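What follows is a pair of complexes built around chain A, which joins chain B in one and chain C in the other.
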Partner chain A sequence: MDSATTPDAIHVLDDRTDQVWTKGSGKAFKCDTKSTAGSVTQRACAFCGSRVVLYPIADALHIVHGPIGCAVYNWDIRGALSSGSQLHRNSFSTDLAEKEVVFGGEQKLEKSLLELIEFYKPKAAFVYSTCIVGLIGDDVERICKSVSRKSGIDVIPVDSPGFKGTKKSGYQAACEAAFRLVGTGDTSDIKPYSINLLGEFNIAGEAWMIKEYFERIGIQVVATITGDGRVDDLRRCHGASLNLVQCSGSMTHLSKLLKQHYDIPSERVSFFGFEDTARAIYTAAEHFGDPELMERAQELVRTEIAKYAPQLKQYKKQLKGKKAALYVGGAFKAFSLVLALRALGMKTVLAGTQTGSAEDYEQLKEICDPGTVIVDDSNPLELAKFVLEKDVDLFIGGVKERPIAFKMGVAFCDHNHERKIPLAGFEGMLHFADEVARSACSPVWQFAPRRAQAKAFLDSASQSDFATESTTTEGGKA
Partner chain B sequence: MSCNCKQGNPDIMTADGDSPEAALPAAATRNACKLCSPLGAAMVFKGIRGCLPFLHGSQGCATYIRRYMISHFREPVDIASSSFSEDDAIFGGEKNFTAGVENVIRQYQPEMIGVGTTCLSETIGDNMLGMIKKYQDSHAGKGPPLVHVSTPSYTGTHSDGYYAAIKAVVQHFAKPLRVTMPRLVNVLPAMMSCEDLRYLREVCAMYELDATILPDYSTTLEGGSWEMYHRISPGGVTINDIEEMGAATATLEIGHTQANNKDSAGHWMEKERGVRLDSVGWPIGIRLSDEFFAAMSLIANRPMPDQIALDRGRLVDAYIDAHKYVAGKKVAIYGEPDLVIGLASFLSEIGMRPVICATGAKVKGWRELVTAEIQGGCNDVETIHGADHAKISERARELKPDLLVGSSKGYPLARELKIPLMRIGFPIHDRFGGQRILSVGYRGALELFDMVVNALMESKQENSETGYSYL
Partner chain C sequence: MLEGTTAEIRERKALRVNPAKTCQPIGAMYASLGVNKCMPHSHGSQGCCAYHRSHLTRHHKEPVVATTSSFTEGASVFGGLANLKTALNNIFSIYDPEVVSVHTTCLSEVIGDDIPMIIKKSIEDGIIPEGKTVIHANTPSFVGSHVTGFANQCKAFVDYFAESTGETKNVVNIFPGWVEPADMRELKRLADGVGVEYIMAPDTSDVLDSPLDGEYHMYPDGGVTVAELKATGDSFLSVGLGPLASTSAVESLEKKCKVPSKVLELPIGVQATDAFIDALRLAGDTSVPSEIEKERGRLVDMMSDMSQYTHGKKVAIFGDPDHLVSMVSFLVELGMVPAIVVTGTPGKKWEKKMKEIIDPVNEDCVIKAFSDIHYLHQWIKANPVDLLMGNTYGKFVAKTEDVPFVRFGFPIMDRVGHRAFPTVGYQGGMRILEKITDAFFDKRDREDPDHEIELVL
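And then the complex of A and B:
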């Protein structure tokens, strides 16, 4: 047996054939379903979903109730910045041991919470349930109530055991938890032209950039949820007139709750690329129906584009005609990226997401070129297959996708929440182009064995009995 | 857009950025100094040729561990999961296990599947061995072997998962053999870098020994750029070689904790397969390397090769050349138990004072294990087991070390105390080359020694008023 494989030898699993779709094929497409066992999904679990959504609320205490693994793998790895409190960057866990698994972890949870609240003085606390908490019968809700009474702050359970649905179910649990705070703060100083930014996580300070656009044209941003988040902002976000929802997957549920309970309308937006950033600002301006506001919005867009568009030209020259693959969390980001890549003269040939909804994919299908492959809840082997079949030059994704690209001599751009470079807004488009070009135009690819030049060298070298590891395929027993 | 964020170590700031006044929290773990046991098992499975790791539980366990390992090794790390749903948590995960295994075989065509459990599957009481047997019976024994190891996160740490998986693999494959091959040695390493594993093989070759190194992830987790895609990264010890471990002349088991562990893989091989066990510590520095090479000479029936003797000479010379720059400097060490013991031995023999020796694991007799290897007295040495990073930080604020030695996770403390951090161990997420740090043998000690001296010199130079370029 040999582990080296050609792309046509990799078959999509039977259970997954409906989650892989080629534009022009006319086939049905399935999404929003649980991951196939053994498929090596790139998705994490429901717990992870809720943990990432609430993580940026900086002045809250976040404690993971469970064994240590769930808490330790997400300690201070995300790029969500806070302008003040840094409390969220700690990793607190009840670190359950065998003893508690047998006799219950309630006592340890209560003691942990009381001590931590006394020490760190958070404005609220979130308690995340992991897989085994329900199984061992801990009544987390009751402990939260008791600690709340004793400490005087809101202690909120997040119902997020890993097996409970998909990562998206975790988003929903997070929205439910965050919503418990809504409606408890003073809204008297909120102006009529006011919005909340939902699903903006302030990666590398993106929320600050975006917030500034709105403030410049006279729209008040009441809360960014959850980027650079504060408990008090959540308490009063029901006073805003409009919700702009960016990461549609993570925050749709909260926007629905805000609509249902406070009648706040919402609009889906994206802040990636010139086009979508402009559209997002216009959407808000249009909502308030004030011609002067719209004028200021147009002026801002003109100024910003004039500032950055000329610098984009050089990148466009370098990148024109290159083929891109993208695999990201939510679908709304995926279509922004298709447009942003197009603006750089690049073509998207493979697009996929972990948690896109049917509605998202419809839109994605529409804007993609014929022949583009669209995948839902994909895995490394599938991605490798299509990267090779489509002969892509650039892959956009996260940590888990990066080695797939690099091993195959394909350029890579990090577009996940662990990155430390702002890619949103007008300025972000410039960073994005720079990130893409730095990788796609690097001279290192000439040495990658899969690339033609390197191949020529290796061929000539092997004639003189010179072998490298890359020319021999290992992996099987002789 | 400016950031007025609160500066300082997040573990010692209130939500408002002030210094906390209340008593130190004791019940919760704050910024753990350990990872969970399935990660250690996955490392071992990654070091076997054609093996795909499989975690029986919720899929987040596999995804989290994959991402953590990828960020350190920067290589593909595919780990399958049975992707439990709510129903499976109630009714048992057998259906998903079977479906998962079948999908893994279809996609990866593995030579082996390494099955680790998780908190979830252990708590609901899934009978792994029964499930595996049932699966294999229904397939008439065809298909790759499935090797099971019990790794609930609520028991032990990644170190324990690592050693448990080695034992599970040995027990599964190593046949009872009557023949002894005098030039064959089994090497069971601690959770070392890829470079360490490569060097161990090189050393064995210098002693004219064939080595079966279990696990050997030196290539699977640090390989070349590929011409074709590989379902499973090339490299690793073969099952065939593991099967023949019973014919080896000796087993060299590395790690102080394993020497004391009568249940270790090496002890099992001695008892059940009659292969003599030589236990050594993680050979960091001269004294532990002397013990290691003495064991090698005994196994190989050869004197120390000239090249290694030359390495030792250069190392002694380097120690002497630079000893004044490190003398009396205080160091805090944290990480896996066996790594910390090895480092403490090394750093004390060059004249430094290991004022904190901490591990996240709970280790019986931790103080005795560590202090037995430390030279120059131990009154000033704090040994902490079951430590988290908040605890280490708290002690370091008082003891004021000049240097931190451990994984990337000590960076917030190094930044707070304005002292250098020498990165070693796992994970190294904020530098490149963690997988290439050589620590074992005289050659490894020389590399570490230069790193230590230069870190201290750089720190002194940076903080000096004159900034001499001649030191």
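And then the complex of A and C:
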């Protein structure tokens, strides 16, 4: 057998041992670091971070200044839905060639911008810098100013060369860029009970579901940032009284800027699972201190849970006792997932994120059960090792993890940006249960050798009780 | 989403809208995955590596493994030597590959990292274990396209590995070009059928279409081995399929080890497959077995059965240069009329070649290299076509214009068949023809008024 495929031959990179932690071990834990060179990291770069955060602003022009690849790999890969303009789903690039790498790409960028703005008449334009733009010395800020003057729209540079760091540093650049629009719109018709939803990207239409909850109880949603986003909403989002921050990794910086400049308080929330969705709605209602508002919030939560909870029961029956591993982008999502899985009777045995902070991991450690392995910035071998060791039934992750799980005969649920169904809110919990059950209980796994072996092992074990113990200690996993 | 597209064509010099290509490094990564126990390594920021892996995973629905130098601000100022050395050290100690295949990115190219020098230093410092190899290919993202990167990587296999022992063996090297794992499998089946011994390099079959066996294999049991790559220098002939993807590799091998080379178009359709089979037959001094002759006969039979539906139909097609030459030739064999052919990859010579193929059936065909899907879309708005062919990104154009659409090329991120069924060879031809006529018929069955629906087609 290949050395790299047997579980006992899988090591954790020496430099990474502090980034893996088992609850109950008492060991120190390190995160928020750059990836070790040579690691098969599942992480992306700063450019990717800023691009994915801003691109759902649907009536803006998004142009990638660099060679073609950067514009291709994130072209319409996230299902961030828009109720109107679909401009954001196109891919615009300056497609830098050798000539510009030598002589600079400023001219090409300026021409491209003027042409595109003339043709598409966007409300604003974002210009993303890629790795080589800084190196070839293009002054993107200056070009943006010049085009802004000539075209009459805001042209905003996003300082996001890939080498600046992980997606996280890209999020920061995106927040800075978005903030340039804030404060330039009319806020006169904004009601006192008003919020912004930060870090909600309207994947599969989730923002629409969440927005509706707040509107039903009488809270105005000024801007969802950036799902189904509009330039004009960003311009006036400083008129809202409260920010609810969902994807904390991507939007904490913007909420800080809004606090600093406009004194808008913010609350970290999640709309995943019954518990967290209810808590998020109560958090907003509580903020405005109106007992009637709170009553309406409670009524909404009651109605919604009554609608969906009974249907959850059948899934719980199917899923009880199954073990899950999750490896997701941000930590706050991980918290919600642990709770939601628990609500379905499942146990999280492995939890990891690409970009969690120390504070995040503290919280994650608290809510996980003893024995749960927690990893930061993991890689396929490591993930595969823990999936085997912990005999996982379901893996929750993104595009790169799906085929790994399948190869091992493990069910999978995409809780990343490539999910196709809304998983947020009360209704979303039902979708989540359905998606998990459909994968975890799929008849295909009976043909997966690992399952077949496990079944054969269990069958023989039930025939002779004493055999179980000796086989387990000797062979580890069947 | 393409409602903003107008029929009035804008001549653009400065920008790309909805590209019909991507960058070099992903091609190098794909080629490297076709080497047994090889770890592709992206020398640049970690986003490049993540992007290429995700993109290939979306296309192949398979785990794609690769490492990165994880450039930081420091590396982009002082060069990536330290990063690459650390990376190599880590890769060998933890992932234990036979080969690390380093490709550059725009960043490391602009910085000017000298990869051969870094490899040499790493050998001197004992970072590379005995018997293991580190190779490299320069793949600047701002030159050519993803196919260029594939070609550069294939050439690197030759430059680093091919050896001549002085004893010529009765073996043919097949450089398959950028085709699917299922295609490589089919090419090997045909070569087996004709009865020649061959080495296929690279070979992604069994790597990117591996079976579900309950385990995660970082290096699936497939790909050309290092020993085979070395032995390519002793073969008596190299056949390179797809001029853009394979010419540089076979020419380099001819120069280095005096292995005569022959470059053919990708064997798609009747005549291109004939040429491939014929080349194998001549090389092996064998005759074509009746099984393969019958396959050809079945393809021609199907073409005749369907000719009333294909003849005279106008086609818009976009993709990669090698794919287009062969696919368009097949369309012409089917009696179809290419109306516009677009690739994102630059290439004046390619435009000329396409014109020669299409001129006999349509002198007015628009042939554009270094263009994009937006251009193609604008053109067909003013000049309606009967069929659109191209990668997944074409689906929005097809939907907006209500044109039957057949997926073909790279990437295909929304269908499953390309990973299982070949498009090369006579059988591949039958599959393409099935897909084309299905697309026509499905549209008819869906849209014909009740009284006109035909039971028999």
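Here is the rule we go by: the second predicted complex is superposed on the first by the 449 of 478 C-alpha atoms of A that agree within 3 Å, B and C clash if a C-alpha of one lies under 4 Å from a C-alpha of the other, contacts with A are read in each partner's own complex, and residues count from 1 in each chain.
Operating definition for what follows: contacts are C-beta pairs under 8 Å (C-beta built on N, C-alpha and C of every residue); 3 or more make two chains touch, one makes a residue touch a chain.
Note that the coordinates shown come from a computational prediction; the quantities given were computed from them, not determined experimentally.
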item: Fit or clash - chain C, chain B, common chain A; value: clash
item: Partner chain in contact with A:E366 - chain B first, chain C second, else both or neither; value: neither
item: First, second, both or neither for A:C48, with chain B first and chain C second; value: both
item: Which of chain B and chain C A:T94 touches, first, second, both or neither; value: both
item: Chain touching more of chain A, residue-wise (chain B, chain C); value: B
item: Chain B versus chain C as contact partner of A:E212, first or second or both or neither; value: first
item: Contacts of A:K123 with chain B and chain C, given as first, second, both or neither; value: first
item: Which superposed partner A:L81 touches (first chain B, second chain C, both, neither); value: first
item: Footprint overlap on chain A, where chain B in one structure and chain C in the other make contact; value: 3-5, 11, 13, 15, 34-48, 63, 66-77, 86-87, 89-98, 100-101, 108, 111-112, 115-116, 119-120, 130-132, 134-136, 161-165, 380-381, 384, 399-400, 402-404, 406-409, 447-450
item: Sites on chain C touched by chain A in the complex; value: 1-4, 10, 12-19, 21-26, 41, 44-55, 57-58, 61-73, 75-76, 83-84, 86-91, 93-96, 105-107, 110-111, 140-143, 145, 210, 212-219, 221, 344, 374, 393, 396
item: Chain C-facing residues of chain A, complex; value: 2-5, 11, 13-15, 34-48, 63, 66-77, 86-87, 89-98, 100-101, 107-108, 111-112, 115-116, 119-120, 130-132, 134-136, 161-166, 380-381, 384, 387, 399-400, 402-404, 406-409, 447-453
item: Touch list for chain A against partner chain B, complex; value: 1, 3-7, 10-11, 13, 15, 34-48, 58-61, 63, 66-77, 81-87, 89-98, 100-101, 108, 111-112, 115-116, 118-123, 130-132, 134-136, 161-165, 205, 208-209, 212, 379-381, 384-385, 388, 399-400, 402-404, 406-409, 447-450, 455, 468-471, 473-477
item: Residues on chain B engaged by chain A in the complex (per definition of touch); value: 1, 3-6, 8, 10-11, 13-18, 20, 22-32, 34-36, 38-39, 49-50, 54, 57-68, 70-71, 74-86, 88-89, 96-97, 99-104, 106-109, 111, 118-120, 123-124, 152-155, 157, 219, 223-235, 238, 240, 390, 409, 412, 429
